[in-house]
Every structure is written in structure tokens, then in C-alpha cells.
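Taking it in order: structure first as C-alpha cells, then the write-up.
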Amino acid sequence: MTSPIDSPPGVEGGGASVVVDGEEPKKAKAGDAELVGRSPGQLMWIRFKRDRTGVISAYVVIFFFLIGLLAPVISWLYGKDPYTVYADERPELFDSAGVPVQPNGGISGEFWFGLEPGNGYDVFTKLLYGIRTSLGISVAVTLATVLTGILLGVTAGYLGGRTDYWISRVIDFLLAFPAQLFFIASMPVVVSLFVSPRDETPVYVRVVALILVMWFLGWMSLGRILRGTTLALREREFIEAAKVSGAPPWRIIRKEILPNVVTPILVQGTYMLPNFVTAEAGLSFLGVGIVEPTPDWGQMFSKASTELVMQNDITYMFFPGISMIIFIVAFNLLGDSVRDAFDPKTAR
Amino acid sequence: SEGGSKGSTNDKEQKENAERQQASIKFGDAAASKGPAAEVPGAKPGGTISVLARDSYAHLDPGQIYVQDEMAVSQLLHRGLTGYKATSNDGKKHEVVGDLATDSGTTTDGGKTWKYTLKDGIKFEDGSPITSADVRHTFERQFASFINQGPPYIQQWLADTPGADYRKLLPDGPFKGKHLPDSILQTPDEKTIVFKFKKPHPDLPYALAMTGYAIVSQKGDTKEKYDKDPVVTGPYKIQEFKSGKSMVLVRNENWDPDTDPLRHQYVDRFNITFNQQYEDSTKALLADSGSDRTGVSFSNAVDAGNLSKVLNDPKLKSRTVGGYQPYVGQMNINLAHPEMKDIKVRKAIAYALPVTPFVRAYGGTDAMEVAGGIISPTVSGYDPSFDPWGKKKKPAGDPAKAKKLLEEAGKTGMKLTFGYINTPEGQQYSTAMAAGLEKAGFDVQRQEIPAETYYDQVSKLDNNYDIFHTAWGADWPSASTVIPPLYDGRAIAEGAQNYSQVNDSKVNSEIDRINKITDPVKAAEEWNKLNEYLVKDVVNVVPTAYYKQTQIAGSKIGGLVYDDIIAGVDPRRLYVK
Amino acid sequence: MLRFLVRRSLGAVVILFLLSIVTFLLFFGMPRDPALLMCGKTCTPANLENLHRVLGLDKPIPEQYWIFLKNLVMGSDDFAQGPCPAPCFGYSYHSNEQVWGTLMDRLPTTLSLTLGGAVCFLIIGLGTGLIAAWKRGTLVDKTFTAGAMVISSMQIYFLGPLALAILVYQTHVFDKPAYNEFTENPAAWFGGLIIPWVVLSTIFASQYTRMARSSMIEQLQEEHVRTARAKGMSRRYVFFRYAWRGSLIPIVTIFGIDLGSLLGGAIITEYTFGLPGLGRLAVESVFFSDLPLLLGVMLFSATMILLCNIVVDAAYAFIDPRVRLA
Amino acid sequence: MTTLTKEAGAPVPADADAFLSVRDLHVSFKTEDGIVRAVDGLSFDLERGRTLGIVGESGSGKSVTNLTILGLHNPMFTTVEGEILLEGQELTTARESELEKLRGNKVAMIFQDPLTALSPYYTVGRQIAEPYMKHMGASKKAAWERAVEMLGKVGIPNPKQRAKDYPHQFSGGMRQRAMIAMALVCDPDLLIADEPTTALDVTVQAQILDLLKDLQQEFGSAIIFITHDLGVIADMADDIMVMYAGGAVERGTVNEVLRAPQHPYTWGLLNSMPRLDSDPNAPLAPIPGTPPSLLNPPSGCRFHPRCTFQDRVGGTRCVTEAPSLGPDRSSACHLTAEQKRTIFLEEIKPRLHQRP
Amino acid sequence: MTEDLVLPAPREAAADAPGEPLLVVEGLVKHFPVKGGFPIRRTVGQVQAVDGIDLTVHVGESFGLVGESGCGKSTTGRLITKLLEPTRGTISYRGKDITHARRKQLAPIRSEIQMIFQDPYSSLNPRQTVGKIISGPMEVNGIHPEGGREKRVRELLEIVGLNPEHYNRFPHEFSGGQRQRIGVARALALEPKLIVADEPVSALDVSIQAQVVNLLQKVQRELGIAFLFIAHDLAVVRHFSQRVAVMYLGKVIEVGDRDSIYTRPRHPYTHALLSAVPEVNVAGEDVPQRERIRLAGDVPSPIAPPSGCRFRTRCWKAQDKCAAEEPPLVRLAGNHEGHLTACHFPEEPTIEARDKDIVLDPALVALEETDD
């Protein structure tokens, strides 16, 4: 016997939402609109809204995305851009090595977050734009990996047999890759796919290369999870019911399987995105990702780890550092909340 | 702390030193070439010096050596036919004398034929005598393909071709039984070597003093493997070499001080440790404890972060030595590109280009000095007042003037492709330079070039960079190692150093003319004039900065001198106090 | 067990084989000519061609690959730089050193860094995780969980430079990290690695704290754990025998992955602290287009990862008797 | 929300010689969706050597009651009120260390799903021996021997060898036997078997039930036997307690309850069960509706939304007032005793007796 | 309410006279490969889940399939609904061989064989509304009922005793019994001729079970749909099915009409099975005492089933012959028409108590001896 604890939660518990057999049809007819049921997604949403941490984290995350989206607007209002070389424009603010002479990294009413040692960019706008670049790339990678994960994972799980075997082997193989090393080694190759090494490397090419490279070694874990989910789903009787009714495989994948892998995708997505943010930053930190003067989170870390900053005023380090911590923490908390909203049984 | 900002006090002093040096270097006679070298005041023998080095020595085969740190250690290991003898105790005054040879060389026909005679009693570390056969072998093996890192001068002179075509003269070197004919290189007896050039080369004594032409043992030549384990001739030999980690030098018992006018053998050993970044070595030497008290670095400079602190503390400063390096940074304007042929555009670039980014990226004014011309303060003929583009006054550029020029040329908004070296510094200065140029109305397209192949890329003839930065150092203190290789229009070749691909008939003819001048002082003057013509009228390059260096040593190190020729601490005269 | 090892090793060899092919192709996709790097200042086309010949770069890629495989298995005396016993990855284009020797040279650094760090983060991470799970819901738990959450979202490339800046550059409490051989000077070895260890283990430990805690809590809700309690076993006993055993599986899995990738080259860590380990070597090999070195590092790293995978899978069988190795 | 009125849950004085007596037990869980009152005012007694069968459908609070006796609930989310007296010792307020001494020793438990209830990481022998070592202070060796002996007793062939096996190497029936061995290893006075045969096949179930009965004879333990299968209860129990939505609705000896059931829910259960000897062509008479939610239980009598005899009570008593359950033989229903008797005899019984 | 459910008259009832064979299964075998081996994985054995069974289901008939866990009941059901590809044997539906029919070939009769599943929680897609779930099969088969699909769905909901207004709700808002009704409605949507019901009530609560059984029974009787009713609850099968087959380890060991199986079983296993069912002796009835048979151990592994008669390892009458020879499924002397038994040494056709209980379980024997 299935104990009620095993059934989807909130189901028996909903009280009001349980349709009692003896309910009189007439009474029900009164409020036709009310009878439109709440989908699992809606339930999840309701549960999520009740989770205070989750909601706050969501606001923080949204805040970051807004910052990214609105960076041009904000910097226009603020009146500066991240490309102006203040070390040459306002040499009095810097020493000859490019270190801001004012304490605390040159923070002032004019430069809210101070000035970057070296060329003296405005840190505030640089951070805004940096967030924009990093988030843009990470979102793109996440989308790409999710699509690939769905395509390969669901295919492997649903078709099984040989297809499954080979896709799984490919996943195993890629998982044995020394990922970071591969990133570093393949970035120039991928860039050279787009432009001959002697032509200009536009920023978008680097961005695309970053996306491609991270995508290439990023989709496996989701693919694996979706394969597992699909395998489990395939055993679920409603899939068999569809088969018995003669539904073609494509319809089964589309109508029966895909809607049911939304949950793991969302949950995994919320874990993957911050990982891609840090991975992208890592690559830029190592100098194979986004480079000056394109503002980027990782590139700011790279700058922050130069002798110039570490020896002199370390204020600059904190802007990319703290903002990233806030973002990642918020996103991880959001991820936990999303997972809990979908699956409140799991203990924390 | 405010990283290396305040104008340093020894600035003036250095300049004076450099000025003094404009007096040219004499070619010494047999008397001057006699060993032993004059005692360093206060020196005493014994002790161990620990040496902190950043990079492991990739090459120890003299034929492969062309980089400063390897050249520095080579002063202890390898000897050539000639060498620089310091005639003052401050490393500023030098004379070229015979090292293995009895004198700095004799020529009878204005520099076409040069004759050298080997001293008596000179031996390799294995005790075998050095003969003219070894000298012949040394020069012939320069043509073998595995020798590809060293200087090309003498090979080119012998083959009488510019560029890299000289290898056709003896494609496999001496290893397949072929030798250079007597019409080029003669070794009539055990002791005599005669070089015969088609054109006069009055600079040969300078060239022979380069480590790249130090003598290699014919018997002991192991070709590629020689690079790790050479047969040395200097006062020290390699006891142990762990590539990437450490190296130990000990006295070479087969070195006879009486044959050597240049070197001393005061200390018992040098313990060299690699992988010491500038800040590591600086920190260790500043701390001055334990073995670091007898510590020194041949090539590591005081790192940018500590520079001002060191220079502003008299106690610390007493342990430092410093000076100019022979390099001059310059922004090349690629004359092969039609758009660059317009002199107004070039002038606009010259006015607009901010040089501060470059100075900033490499540590500020303690490490870099805004340049006026292309002749460095270490080279004869340097003129500190020369500043045609006002860089010394307006190092951030003069966009207004540039803008006007560009407008006049009708090229406002023109594309300017800027190839930059893909290092953190390169990224930093190139972005700021681009910003400065854009203010003048250029549309700058930055293109990264991998650091490891940077010079290969920019020395390609059909590279598509309009501007790119290079630095060039004189191989010896004469502009003859600067202007001809860099600006001789006839030397334009794939991989050659005429980066800006300038081909100006006046420049070419002047080069030929000055090259023939045998009086070094006169020549220096003429070179300087040519420098002014190039920078001001041809505008194929915009000089950016002169390189400076400050080095520090432990308190027990004696004989510490910054040698302008070595461009670093002179290791030959060090002793333990 | 033996069967398992043989089967998995075979699988690993296949993966390494494929990986080497991919690396080869990747290398030839690189926009740089390694010969150009070696060719130096006075490079002529003839010279370059000669170098190509010497390096074997003029041969078709499959043939080069075949030679590589042959050398790897049987060693070779064909190198200009000297003999090269198996496993022979050849000589580095850049440094002219034997690749295997270089790898072995760099390995102690990476080993010290990784194993030292691993010991720290395992002890700290699991310790705090277990404490948090034991005191679930209390202030201690909440502090640990929140702290771990924040710390685990820091990255080496932030925490590392921060630690360096504060401890080394600003206050001069520690020396700049460096690798000193243990056999030569244990104190220096320890002193040189302490900051990397601390940074590495701080970040990793926080992840282990979270993982240990959540898997312990999950295990504590297992029915068999409840049974153990119903038998009257004490809380401590149940916690450390029953629940702990079950939480080991996810921990060991993640640890295997972490250790494998760290051993294969803790790139960012080594880069941040300037430690001359395998990770740095890897980056150098890429920058210098040094194929033999790149192949060596790639295969070495992958071997580490695969080795750890195999060890982890073998460990499963020790932890969970239901797992049968085959 | 209406809950039981006060007198409904009024504590019945503890039976002096009852071995176990539960008084007015309330157990509620805090969950995401609200407070689940899993057990709401339950009282019962159990004497030594007797078997109390608890029937009721899924979610009626059977397991929770029994877990509470052993204090195995998670104290963070659970509130327990009322008394549980085991030989006069109060268990709800007892300290964990005291409960530890009881568990597995005086009171042992058999769980429903032997696969998940046995630890996969330790041998069956060890798991059986553990409580023996702890409670009897036996040496490792002695405990192991005892484990082997117990395995033999519950019918595991070749127990010496099999004791070294892990649970996954056992079949379902054997695992349940191992569970029984584990429960009995310390000679408990009270054995709680929570649906011990639900996961098993009929033939195996029959083996296990017989085994339990025989073992009880030998060990003389009291047993609380939980199931939702009336057939099983009829086979096993001396007394029956029928639970519905967190409370007991009827109580009595097997004969009393099965021969003359008094509660509409019990009638429903009997009516809806197809039996091997009933008329296969007669339609079953199911209880309409679904079991109530414990988050928001119905007011008054909790069975009233599904009860077809509500109108016989008259008024709105069923909706407003919770009926109480007396001690011994009784049922919690507002119908009068007479009504119950006549309804059963006239409406229910004939149906049960339909013959093909 | 289920009680007053009104069913439309069965469609084309005349076309298939009751009693005609609808589905004939002959020698059906399904083996699942067991992977293993070294160093390359290959098939090292077979799970003989179903190993040669013959069945006939007649038009409008309810056919029960009982047996212990793992004996191959579900596999049989899934083979018939073509969810699994048979290893051997034939399945013919109305005389048409559909054993290896592809999905497209099957299309015309797909709608006629439907299935009801065991688990009410996993048999409904949690992301689809009830309306979608029930109309899905119609969509797939391109059925356009009069008045539109929605109307038909509402009709079906009413048929299975649900509120038609629940059309837009999601499965999680229903209780187990209601979900099972939705499952029934889905199966009915295609107006099938045969429904394979794999343990449709075993996941339900006792009080709900009866509701669903009643519903199914109504559907079966009034729409004239044939059922292959799979269950392990003997009482439910008895209640629902006119004919019953007993399976043991991939084989049918006894088949016959309800009375024959339940009151005159011949196979020792059927005896054991029936005697193991715990009975409620309600209201003081005077029923004759039933026999008590306690088998030892569990069903052997289908990977290596015993030779000859598969039950012999647990049978008290087993002899050498049983190991050597597989008993054929035949009509034994004294049995009714259609009552077939596969046994060399059949039991008497009664379930009355014997002189002595048959107790094979050594532990029970030991314990009972100490009692006496």
C-alpha cells in the first residue's frame, strides 16, 4: 500500500483542494472558475512565495540581472563609462605607476567605488558592465547546456539501448576531461575557428568561444541527470498508458516527458548558472577569457590579483569579490529554495 | 604605500653617468689585454654567493645565448676573443680588449680583414688548450640550424647577406665535414684567426665580445646537448644544473687569471636558485638574513612595488645599484601600409600617442623614463634634450595637435590597427594608448598577439598591424647596433627587425656612410643626427621610454657595481665582505 | 575485485587514448606554430622547415600520432636530445627537457598542495558538517551552515589574492607561498604551502561541511536508521555507525572528483600562488604550444581523474556491501 | 476548526494491571502546510501475553501511535501530549537514555518494509546481535551465537552461514524473519508489529503470521499488531481496535468486533471486503468518499461525511459533537446501542451472509 | 455516486457474440537478458519471466490472472498490450496475429486493447489536466466524437463517477481511488474491447478498493468489455473474474472457471495459495474449516527455474518424475470442461481441512512441536 506520505505533498493536505467524491455536482457548478485546478507548477510557486529566504534571494538575483541589463542606463545617469582612462584624463589622481593617490582606492563622491589601479578606470561602471558581461555569458551557456542536456539526456533515457549506451559513454569520456586545462587549451583554437589569428578578435568572438568551450564540457551532468529522470519516467505507468494508446515516440517525449523534466532542469539550472559565472570568471582570471578593456567580473579579479593592487591599496579587490559572493550566495539560496519548493520532503 | 611614484633621487646621477658614457669606448691594445685584471678595492677571496634568478637558463651553449640574464651568468663561464674591460670601478667606463685573443683585433684595410692571435695558456675546463680550430668551429657551427637563438651579426658579415640568408653559406655547419673557405675564415696556425669580410666592419671587436661568439670546444661539442652542459672557459664551471631549480658554479681550476684581463675568481661558489620572482628576490635581499646576506641577483630588478621604498631609504639604497638598460621602447608605424604613408597621419600618431600608459604598466617613472629619441642613454651619442613630440612635457599626448593634423590629412576617424602583446601589461597599456589615440580621432582596432610569438608576428612583412610596440637594445654601445638593423630599408625581410619597414633613401645612404667611419666618437655624433632625422622627419617610430633598472644585494656582498654593458650587476667582480 | 580493476583499467585506457587523439587534434587546431617559437630571432623559412622536420611536424598527423603512441609504450632513442625511456612523451619543445621528467619534477608540488589541502579540508569540512548535523537546528548548526554557504561561494581567485595581499604584502606575516622540497627543509616546505592550504581548504571545507551535513540529515531519516534507534542503540552509535556509513557514499564520490581534478593540476590555485606545479605546467604548455608537454599534462591529469574514479568506485564496495565490483 | 470536545477525549483512568496503557494521546506534526493531527485523543490498554490488533486505513495514525510509544518521532516537528504508561513508567516524558534502555529490550518493533528497515551496511547477524550486546551486556561472541540461534528459530536455513550475509542477499520473506529475530532477540515484553506482512506474498504472509503466533506462545510477549487487512487481524489478534482519522472508533475482542460490529466504519470495512466465501456476483458495498485530511479534519464525528447512517442519529449531532469511546467493548458513534444492534442485524449482516 | 451510474448501451454489441475467443495467446515466452561477463559485457543468462503460456480471453469475459509476486503476471499483461516484444509465441486478436506488429500496423486495433495500471500515482501524468489525460488517446488515434472531445471527456468522467467539472484539474488534486477512476476513464476513451487491468486495486485503501472494483465490474458487464484482470488478491479476482488462471514462475499451472479454481482446485500450489488467504469469519457463520498449508521459502529465481515442474521445490508431493518431466496443462479426470491443471500428482478437488496440516516451514514445525 502506498502510504500517503509518499504521495505528492500538499495533496491530501491541501484540504480544500481535495475533491471529495460525495461532493454534489450542483454545488460545484456554482463556481466554475474555481474548479480550474492548480497545476504542480502553481503549487510550487505558492510554496516558493512562502519561503522568505528564497524570495529575498530571488530579489537579489533579479537585482543583479537588472544591473546587468541596465548597466548602460545606470552609467549614463552616473555620467561615466568603464572605458575612460582616468589615469591619463586626470593624472593628478594617480602616481606614475597608476595607483590612485587618494586612500581607499580613490573612493570619492565622484568615483563611488574608486578607481582601478593601472589605467584608472571607474570601478563602479566597470563592475556594472562586468556583471553584464559575465551574466550574459553564463546565461547563454546555461541555456545551451540545458538544451543539449535535454536533447541528449532525454534521447538517451527514452530510447535506451545502443543510443543510451553511446551517449553515456560520451558523457563518461567528457567527464574524464581535465576541464580547466581543456578550456585553456581550446580557447585559442575556438577563437581561431572564427577569425584567422591575424585578424582582429572582436569581443563577441571571445564571448562565443567562451560559451562554446564551457558548453562543450558543461552539459554532461545535466544530461546525466535528465537521462536518469527520463529512465525513471519511462518506467512510470503514464508513459506506458500513452504507448498503449498508440502515441508515437515523439509525442511521448514532447507531451509526457518534457513537461516532467522541467523540475530537474529548473533545479539544476539554478545550480549551474552560478557555476558558470565562477567558471567564466576563472577563465578570464587566467587570461584566456575576456580581456581588457571589455569589463568582466573575472577580468576584474585578474586585475585585483596583480602586485599593483596587492602591494598597494587592496580596496579594489573587494568590489568584484564581495559582489560575486553576494550573487553566488543569493543564487545558491535561491537554488535551494527552488528545490524545496518542488520537493519539500527533502531535509535540510 | 604609493607604488613607485615619486621621482627618484638617483635619477640625475644616472643621467650623468649615461652622459659620461657618451665618450666612446676604445679598442684596447695588447697591453690593455694582458691579465690579470686589476684588483677590486677591498676584495678578498673565498665564500659563497647565493644568486636569486627568476628564469632558469634555457641556454648555456654560448651560440644560443642572446638574452640578458644568460649573458650575465656567461660572464663567469664563457670567454670570447674580445671582451669589455671596465676601466673605472663604477661599471661606467669600458674598453674593448682581447680576452682569449692577445688584443682587440687588428685590421689593415678599414675593417675588412681582421686578425686575431690567441693567448698562451688558455684552456677549456677539461684542461685541453684552446686552439684556432676551436675558434673556427665556434663560428662555423653558428651556421647549423640548431643554433638559432644567438646573434646573427658575424654570420651575416661573413656571408655578406642581410637577414637570415647567411645559413646558405654553410647549411649544416661544420658537422658534415664542410668548412668555410679560406677566403672567408682563415686559421693558418694553431694561434691565428683571420676574418675576411666583403665590406668593412669596424665593429667586429664589439661583436666578438658578445657571449654569442664565445668559444666552443670542437672536441666537446655535443650539438643540442651542449646547451645543457657546455665546456666552459671562464673562471667558473658548472658543478650542478637542475633546470628550473638551481645551479651551482664552482671555481674552474683550468682558468688562468694571468690570461684574463676581465675576470676575477674571488668567491668559491655561486649557488643560483631559479624561480625567484622579482618580489621574492627583493624581499629576500631586503630582509638580509642568513644566506641572503651574501645574496645577489644578476638580473632581477627591485620589483615595482618595493622600488620607491628602497630608493627612499638611504640604508637600503646603499645596497642598491642601478642604471639604464640599453632598451628603448618605440611604437612602430607600419610603413608597408598605404594609409600610413601619409606623414600627417604619422605625425598625428606621434602627437596623440600617450606614453604614460607604457610607463605606468611597467612600474612608473622609477622603472621607465619617457624617451625623446631612439638612442638610449647607454649608447654613445645620446642627447637628453631631444624631444620632438613634446613627450617629456606632455607624456599623455597632445590630442589637439594630432586632431588638427588628422583633419588636415582628411583622415579623421580612420582605422588604426594596433597589435599588442597579450600580457597583462600589454593589455593595460594598449587599451589606454588606444583611448588616447581615439581622442585624436583615430578608430583604433586592438589586436592581441600571443606573447610568445609576438616578435615573430610583428616581424612578418605582411602583418596587418598599423602600429605596434617593440623595444630594442643595442648589442654594444654604439648606435650601429640600433639604427642599421632597425631602419635600414635594405634589411627589410621576413623576420628581420626593420619592424616599421621604413625604406628611406637618405637613411640608407647615411647608414652606409656612417658605418664606414672608424672613429667611434665621430660615428656616434653622426648616428645621433640620423636619429633626429628619423624621429622628427621620417616618423616611422614614436619613441616611448628608456628602460631603467635598480638592483639590490645582501649586505655582505662586495664589489657590487651596475655595469652598463652587462645592463646589470657585474658578476665578475663580486666578493664576500 | 581483480576483474573490476582490469575492466576499469581497460576503460580508462580507452578514454586516455581518445583523449590523446582529441588533444592532438586540438593542438593542430591551434593558431600557433611551435616551430616558430623555437626558431628564434633569426628564423628563415628553411630553418623553420628544418625544425618542422626535427620535431616531426612535417609528417601527416596520423603518423605523428602513431609515433607518439609508439614512443609512449616503448620509449625511443630517436630524439636529438637523448634517449627517452617509456613512458616517453618526448622532449618539450620549449625547455628541451624530457616531458616525463618535467612531470615528475612538478608532481611533488601538486601532490603536497593537494594532499595537504585535502587532509585539511576533509578534517575541517567533515568535522563541522557532522557537528552541524548532530546539533541540527541549534545556533551552532545555523552558524556553520551560513558560514559554509558564504565561504563556499568564494573563489580561489578572490580568497587567494586576498590572503596574499593581507598576509603577505600588507602585514608581512607570511612569506609568499613557494614550494620547497620536504626532504630538504620540512619547515620551509610547510611554511611555503601554508597559505595555499588554508585558502584551498577553506573553500573546499565549506563545501564538505554542507555536503556532510545534508547527507547526514538525509541518512538520519532513513528507515534503517530508525530501526537502529528502535533497537535501543544510542544516538551517538546510530549517528556514527548507521547514518555515517550511508553518508560516506556521496562524500567519497565528490572527494574523488575533487581530488582527481586537483591532482591533475590545481590550475587556478597554482596560478594564484605562483606554485610550480602541474597546473602551472599545463598553462605553460598551452601558451608555448608545447605539444609533448601538453599531451603529457593532459594525459597525466586525466589519468589522475580516472584513477580517482576507480578508487572511488572500489571504495563504494567497501562502504556498501550491495555494490558488487565487476 | 472543530476538534474533539473535552469530554470526548476525557482520560479513562488507567487500568491498574494493564501492561501498557495509553491515555488521551495527541500527536501532531508541524508541516509546511499546517499542523497535522495524526493522533488525536487515543486511549487503549494492553495486557501481557495478549495481541491487540489495530486496523484502519492508510493515514489513520496507526504507525504514528506506535512510533510514539517508542519515542521515535523527530522531536523538532512533533508535539506529543497525553500519557503512555509501560508497567507504570511514563514514556512521553521519559529521557532519551531511559527510552534507549527500553527500546529493543522491553519493547521491540517490526517494521513494514524489511528491505529499507534493515541497514544495508552491516551483516544480518551483527544487526541482530547489536541490541543483545547492548541490553544484555553480552560479549560479541555470545551475542553472535544468540543471533545465529534466533535466525534458526525464525526458520532461516543454515543460520550460521546466513548470519554473515547482508540483508540484500536475503529474500523478502527471509528479511522479515530476520526482522522478527532482531525484535525478539532480547525477549521483549511488548512487540509492536507494524504491517509486517503487507509487502509479502500471501503464501509467505501465512508463514510469517504463523511464525509470529507460535513465537508469541513461546516468548509470551504482548503484541500490538497493525494492519489494514481485517483477515489478518482476525487471524492474529485477541482484541481489536479500529482506527479512523487519528482516533479509535471501535474496540473489543476479536469475536465481539467481528461478530457484532457496532460502528458504521467497521460495517463499511466488512462490507467492502470481497471474501473467498461471499457471493461473487453480489456487488460490494463500498464506503463512499475518501478518508479525511488530517490537516483539516471534519468536525464532530470524523466519519460523518462518509457515514450513511447519519440521518438515523437525527439533528446535527454528528457534525457538531464528537462521539466518545468508552473503555473495553465500545464504539464511538452517536447511534444508540439498540440502533447499532438492529442496523447490523437487519441491514449489514444479511449482506455479509449472502451466499452464492 | 457510483451507485446510480448510468451506462450507455454497448456499441455494436451484436458484432461480437459473447463466448467468441477475442484474444488467443499461445506459447508466449518472454525472456529478459541478464547482462554480465568479463571483460566485455554480454548476455549471460535469461530471466524467464514468462515461459510459454497459453490463454484465451473470450468476448465480454473477465479473465483473472493470479500468482505470487514475480511470477510474470505483469509481463504477460504488458506483452498482450504490446508494451513488450515477445520472445516467442503468438498473440492473436480476433484471429489476427499481432505478435510482432509494429506501432503503425497495430494502429487499427490499438484502441481496442487498453490498459489500467496499478499505481494511481504514477499512471497519470502529473503535468496534465484530467481533461488532457483522458482526451490524449483520442487525439492520438484521431477520434472525433460527436460534440467534441471535451464533451466526451465529461461524459466519461461521469461514467466513472467523477464530477465532469473536474475536467481542468490536475491529478494531484485527487485521491487514489479517484485517480484510478481517471485511469479507467482514459482506458474507456477509446471504447476498447479488451482491457488489461494490472492490479488495478492493490494500491488502494480497503475502503476505496470496493468502489473501484464495483466500477470495473459495471464497466465490464454493461459495456461488454473483456478484461484480463491481474491481481494477487485471490478474493478480488474471485469477485471479478469468471475464469481464472493461476501462474507460478512464468507458467500457468492451473486454469479454469471460478468455481473450479476456488472450490475444486487440483494443483497443490493452488491449494497452498487458497489456504494462505487469511479469512474473516464474520458474524459467527458456520463455515467448514479450511485446510492449512504452509509452504517453505519463497518463489525460486526465474533466472534458473527448477527443471520439470517448477513448483516441485516447494511441493509436498514432489517425486523424481516432477524433476524430470514438465507436467502438461491438461484437463484432469473429474474436472469441469475448461479446467486445466499442470500437475503429475494432483490433489483432491476440495479445500476442506485435512486430517493433518501440511506445514513445510521448518521453523513452524519446530515451534509447533515445542508447543504440543
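Observations on the structure shown:
In this document, chain identifiers A, B, C, D and E correspond to the written order of the chains, with residue numbering beginning at 1 in each.
Just so it is clear, contacts are C-beta pairs under 8 Å (C-beta built on N, C-alpha and C of every residue); 3 or more make two chains touch, one makes a residue touch a chain.
Nothing here was measured: the structure is a model prediction, and the numbers come from that model.
Between the contact lists of chain A and chain B, the overlap consists of C. Any chain that touches chain B and also touches chain C is listed here: A. Of the two chain pairs shown, A-E and C-D, the one joined by more C-beta contacts is A-E. Computed from the mean C-alpha positions, the centre of chain A lies at a distance of 25 Å from the centre of chain C. Here the spacing of chain B and chain D, counted between their Cα centres, is 95 Å. Per-chain CA centroids place chain D at a distance of 31 Å from chain E. Here the CA centre of chain B is 94 Å from the CA centre of chain E. Within chain E, residues 1, 175, 177-178, 205, 211 each touch two or more of the remaining chains.
Listed for chain B are residues 279, 305, 450, each touching two or more other chains.
In chain D, the residues touching two or more other chains are 58, 228, 288, 290. Put simply, chain A touches chain C in their complex at residues 172-173, 176-182, 184-186, 188-189, 191-193, 196-197, 274, 278, 281-282, 285-286, 298, 301-302, 304-305, 307, 309-311, 314, 317, 320-321, 324-325, 328-329, 332-333, 346-348. Residues of chain B that touch chain A in their complex: 1-6, 279, 303-306, 354, 356-357, 359-361, 363-366, 396-397, 417, 422, 424, 427-428, 431-432, 434-436, 445-448, 450, 457, 463-464. Interface residues of chain E, counted against chain D in their complex, comprise 1-2, 68-69, 175, 177-178, 205-211, 213-214, 217, 232-236, 238-240, 258, 262, 272-285, 287, 294-299, 359, 361-364, 366-368, 370-371. Note for the complex: chain A touches chain B at residues 83-85, 87-88, 91, 94-99, 101, 118-119, 188, 198-201, 287, 291-293, 302, 306-308, 311-312.
Residues of chain E that touch chain A in their complex: 1, 78, 81-83, 103, 106-107, 110-111, 113-115, 117-119, 121-130, 133, 136-137, 140-141, 161-170, 172-178, 183, 186, 190, 203, 205, 211.
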